[in-house]
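A, B, C and D are the chain letters, set down in written order, and residue numbers restart from 1 in every chain.
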Amino acid sequence: MSFNTFGKIFRFTTWGESHGPSIGCVIDGCPPNIAISEKDIQIEMNKRRPGASKFTSQRKEADKVIILSGIFQGKSTGTPISMIIHNEDKRSRDYESIKEKFRPGHADYTYFKKYGIRDFRGGGRQSARETACRVAAGSIAKTVLKKILGNKFNIIGAVTQLGLMSCEKENWNDKEIRKNPFFCPDKKSVKIWEKYLMAVRKSGSSCGAIIELRASGVPVGLGAPIYSKLDADIASALMSINAVKGVNIGSGMSSAFLSGEENSDEMRSNSGKVKFKSNNAGGILGGISSGQNIIASFAVKPTSSILNNRETVNKKGKNTNISVKGRHDPCVGIRAVPIGEAMLACVLLDHYLMNKAQCG
Amino acid sequence: MSFNTFGKIFRFTTWGESHGPSIGCVIDGCPPNIAISEKDIQIEMNKRRPGASKFTSQRKEADKVIILSGIFQGKSTGTPISMIIHNEDKRSRDYESIKEKFRPGHADYTYFKKYGIRDFRGGGRQSARETACRVAAGSIAKTVLKKILGNKFNIIGAVTQLGLMSCEKENWNDKEIRKNPFFCPDKKSVKIWEKYLMAVRKSGSSCGAIIELRASGVPVGLGAPIYSKLDADIASALMSINAVKGVNIGSGMSSAFLSGEENSDEMRSNSGKVKFKSNNAGGILGGISSGQNIIASFAVKPTSSILNNRETVNKKGKNTNISVKGRHDPCVGIRAVPIGEAMLACVLLDHYLMNKAQCG
Amino acid sequence: MSFNTFGKIFRFTTWGESHGPSIGCVIDGCPPNIAISEKDIQIEMNKRRPGASKFTSQRKEADKVIILSGIFQGKSTGTPISMIIHNEDKRSRDYESIKEKFRPGHADYTYFKKYGIRDFRGGGRQSARETACRVAAGSIAKTVLKKILGNKFNIIGAVTQLGLMSCEKENWNDKEIRKNPFFCPDKKSVKIWEKYLMAVRKSGSSCGAIIELRASGVPVGLGAPIYSKLDADIASALMSINAVKGVNIGSGMSSAFLSGEENSDEMRSNSGKVKFKSNNAGGILGGISSGQNIIASFAVKPTSSILNNRETVNKKGKNTNISVKGRHDPCVGIRAVPIGEAMLACVLLDHYLMNKAQCG
Amino acid sequence: MSFNTFGKIFRFTTWGESHGPSIGCVIDGCPPNIAISEKDIQIEMNKRRPGASKFTSQRKEADKVIILSGIFQGKSTGTPISMIIHNEDKRSRDYESIKEKFRPGHADYTYFKKYGIRDFRGGGRQSARETACRVAAGSIAKTVLKKILGNKFNIIGAVTQLGLMSCEKENWNDKEIRKNPFFCPDKKSVKIWEKYLMAVRKSGSSCGAIIELRASGVPVGLGAPIYSKLDADIASALMSINAVKGVNIGSGMSSAFLSGEENSDEMRSNSGKVKFKSNNAGGILGGISSGQNIIASFAVKPTSSILNNRETVNKKGKNTNISVKGRHDPCVGIRAVPIGEAMLACVLLDHYLMNKAQCG
């Protein structure tokens, strides 16, 4: 049982509240002798950190990761890697007004009912601030996987749907993704999305998003049936991200609409090398990776903290209204891209190590 | 790490292959002093078992559950409950022809690559026959939950999409679900579905499905953030079912298309009793149950074993063709209904017990 | 959390009561492609089974193991191995007289207080009958380890203290151990032990024992600090055996009496090959195997079921007396030898696989 | 699998090396609404910290615990409690001379062989410095247990054997334990021990110790058979402490020498209240607490870092000699007392919560 720990062999434990002195994570099970540096981790951190564009929260956090243990002379030693991130731009006073109220769409009500106590400052532990730790852990997972699998291994995520705006997945361009503030893979959509999101923000509302993750260079054989299936673990990992409400593997929910012929990916051999003619399975068959690209997507609901007035109740069980001020993302889905990549990296490394234990 | 075990406190381990002498499961962590009988379990088993209608596999299995331990004088003792189901209608010869070939859409290829050995008879361990054990475990979980939560607690699942055919969810009728061979909740759709599925079967093809699960009477406070969130565990549980490719909680993937106002469920208090005005969250906020109905849905891909000819490769890496004969469901999604119910029951009981440990 | 499951990667779950229809175990995480047969398992089972000599319980059990899954064409497939053993010689009526009484030294009182219900027939789940399953699992662990590590790997256990009778450990002879009914390693002690145990039995009493386990051919590097240390896991494994009250690694409790010089095992290198000059550490330093023999010993308390009259209480909280009839071992420690060997084998295999996951 | 995490529901993860910037621990699963303060934790920390008397290491560490998360307005919130302790008095240069050598009796050799890399400064992760974190976690566990069980609950440990010097257990006096630098429970022995340990230190050698732990006020019913028995978990917990080589429950290894009559603790009822006439079982029957005092003892081997010259090998596999300078305890067993108390507190709280999950 692990409330705040993720993973089976490569495990990370996160701690910290949005408005506490710091947040952090402890990685256990990282293989030894891997070169790991704060600098490399910071590159991933910067993708997620707030204040990076006008389309994300204006909270100013450097999100600087400090490594406290587990690295000796630049290399992992096989012992726990502890990382800490100091919270810098806390404005706890912003939350005084909602101290007694449950914000709709947030976990205020359920946390209070479960624990009988809650840190109301910025959502406390339920805040998406916790995901900074996931990105730090995921960065190390990626480094390890690159070392083991070589450069053919890669994970990239993109926003393929921004509220009501879709993009052309046929135009997917890995390089484009890092160039715009939406992680949009289709250059043509960027301008339209800019206007759309500006309008959403100005209206005091928010919108959702769909993120697609692609992992290439994943070997065949990762995944532990029956109850540690690779797809089940990916589903759990992505669903554990704040505000996520749906997860697809490959064709996902759309599989229901396909015929048997359309859906099952036929196979061809080219001098012994097996290729699939399609990838509806998202690279996973029977819970085990097939050697194809792993494709997973997930939906993030619209930011629940909105300016527009909403009906709710307070701690005393009285009806009241709420309008959430503060520095919120109009679409939290955007910053979910590096988080999704991080979680996928962690699951893949975990299964890589698990497979070694199981099958050598 | 648990390859064949599901759950954290209420745990079940399944074993057995499609064409072995028997299959079974061992439940650990069942509370003591609960009245449990083979007869009650059998009612659930009969919902899943093959051969029940012309729309499912014609393999004839009584799926009779025998309890071997853990029950003394009709009551659970807190010790492991071992259950066994004998395989009766095995026709292993049916599989001789595909012994050397990898069936597209199945896990033949990935199992072989992972383990270097596979039991090809009926898919061996990857067969959906394993899910009979889940239904047995789920039946006990339901019994325990009913004892603890009373009769207001209920779980019901239905097929809401059969291939290209939808149904009217507004017409959902719990009683109708058990009356037709599709677990269809909308009486008006049954006839159309019959014709549709007959046509699919005759064409030698297959179709997918979407199943929706509803749990009522679930108390507020179940779910263990951050990495044992109730929705993450449901996602994992459902994604672990054979052929499932997508999972939604509440509005699920559609959340991406909603505005902040549409999505976040407003709350009202009526003399201290909290009610939500909508249920886009599917009864889960921040990974914790809110007291609303838990709503989850999942997509099952079309049966991969189809008569129509498909391209594939064999164990020697040569190209070949395949047409899968045998006794297959034209839509495996139908029999996934009781499996989904069972998995949801197990997750809910597990979280109920976990919450007791956490918060008393 | 795992009440009835042992292990982390190589895991086994046991089930069943002393007087139920059968007992059994499910092994999960066994590596694929290992030749495993019921015949090989039976050899180990016969070491533990009752009725083998006049110095053990006269209950007649063939303890025949039947494999139900996980083995295909003689080899493990990487899927769960389910084994069942039918209970044959049950005499539940023997227990009618103690149905309402708590036997001193047994778990009758604690089980009843914990669960509010207990299967009183032969102790139900608390019976040492459960250990038959451990021996079956341990037999498979040994087979896997021999396959991986070669024939230099071996585990052997012996009784080195029988009640008040010691033996000369200097005379330890592996071959002698299998020749006498006490697993005594010193030929000279056998006759004396025979007379001693005969006297104990006739007096209606019982005696304890100390068992020593030795594993050779264990590679350096097994053990996962800090909280999965090899010695901590061995301690837990051995202490989990019925009636065990103490566990030593190497010099064990006696280490307290040694000086720093006497205790720390000096090292010498012979053309790069490291040898230790002594083995007070029992082959484990910092929780990690050193390549030396693993030495562990454990104490088994005297059988609590004795003919002589004892004071106790009954379920109603009334004072009463008890004299336990039935077919009991005068020294349960003797049959603990194969159980200890089995548990050590399981721990070592588990750590071997864990080490592969951690360090390749 | 959890290399650096201890526990099942109340779990703590430790991190940090002896000569890194800091060490720390993260507690997960602490019940909400418990008053927890740094001040209370510090009281326990001071019992273990070095430099407290002339009989322990002269390393000067304040061992000041800082809480970073999980406490809001003085109370636990049910979220992870992260604690950090800065390393202040590091003298890494002391270790330059042994950088290439494996200290006998230490884990230098096994860590290096396992991981292929090691932080040689003060033993790095294998240093007993890690145990400071256990004491911090254990302090919180004690606070929670006192809140739940009331003041009748208590844990106290003492050194009952210091090298070759025993003490009179009949003179055990809880108050005396805190008054002398040896945690000796028998006032009469203190003077003798002082002289003895002074002599050991001056000779450049070291000695071992036996520590006994007593927990009172533990309710009946804690412990989860078969593989999470309370005694098995205590054995694992104590054996995981640096330098521990043996663990006894109740009469422990001596049980082997008792007769059935001497060993089994008879029971008497006094108006329904059950009392045992002796406590050879150490308060645990069948892995479940009986309501008696829990009694466990463990042996700590003599400090391996001694001045006297020892034979060993170096990283290149060459023979060499070593004399370990630095600031070492002549008897590490003394400071093991608060560590043992802490581990026992964690196991008891864990089982208390587990029992709630299992049996309500």
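Please note the rule applied: contacts are C-beta pairs under 8 Å (C-beta built on N, C-alpha and C of every residue); 3 or more make two chains touch, one makes a residue touch a chain.
Bear in mind that the values here come from a model prediction, so they are computed numbers and not experimental data.
Participant: Let me spell it out: compute each chain's centre from its C-alpha atoms, then which one is farthest from chain B's centre?
Facilitator: Chain D.
Participant: Is the number of contacting C-beta pairs greater for A-D or for A-C?
Facilitator: Spelling it out, more C-beta pairs touch across A-D than across the other pair.
Participant: What's the distance between the Cα centroids of chain A and chain B, rounded to whole Å?
Facilitator: Each chain's C-alpha centroid was found; their separation is 26 Å.
Participant: Could you work out how far the Cα centre of chain A sits from that of chain D, in whole Å?
Facilitator: The mean C-alpha positions of chain A and chain D differ by 39 Å.
Participant: If you average the Cα atoms of chain A and of chain C to get two centres, how far apart are those centres in Å?
Facilitator: Those two chain centres are 46 Å apart.
Participant: List, in ascending order, every residue of chain D touching at least 2 other chains.
Facilitator: 1-5, 8-9, 14, 29, 32, 78-79, 114-116, 125, 225, 354, 357-359
Participant: Report the residues of chain C in contact with chain D in the complex, numbered from low to high.
Facilitator: 1-6, 8-9, 14, 102, 104-107, 109-111, 113-116, 125-126, 130, 161, 163-164, 200, 205-210, 220-221, 223-229, 231-240, 242, 245-269, 272-274, 277, 280-282, 285-291, 299-304, 306, 308, 310-313, 317-319, 333, 354-355, 357-359
Participant: Over in the complex, which chain D residues touch chain A? Could you list them?
Facilitator: The contact residues of chain D facing chain A are 1-5, 8-9, 11, 13-17, 20-24, 26, 28-29, 32-33, 68-70, 72, 75, 77-82, 84, 114-119, 124-125.
Participant: Using the touch definition from the top, list the residues of chain D that touch chain B in their complex.
Facilitator: For chain D paired with chain B, touching residues are 1, 9, 29, 31-32, 78-79, 225, 353-354, 356-360.
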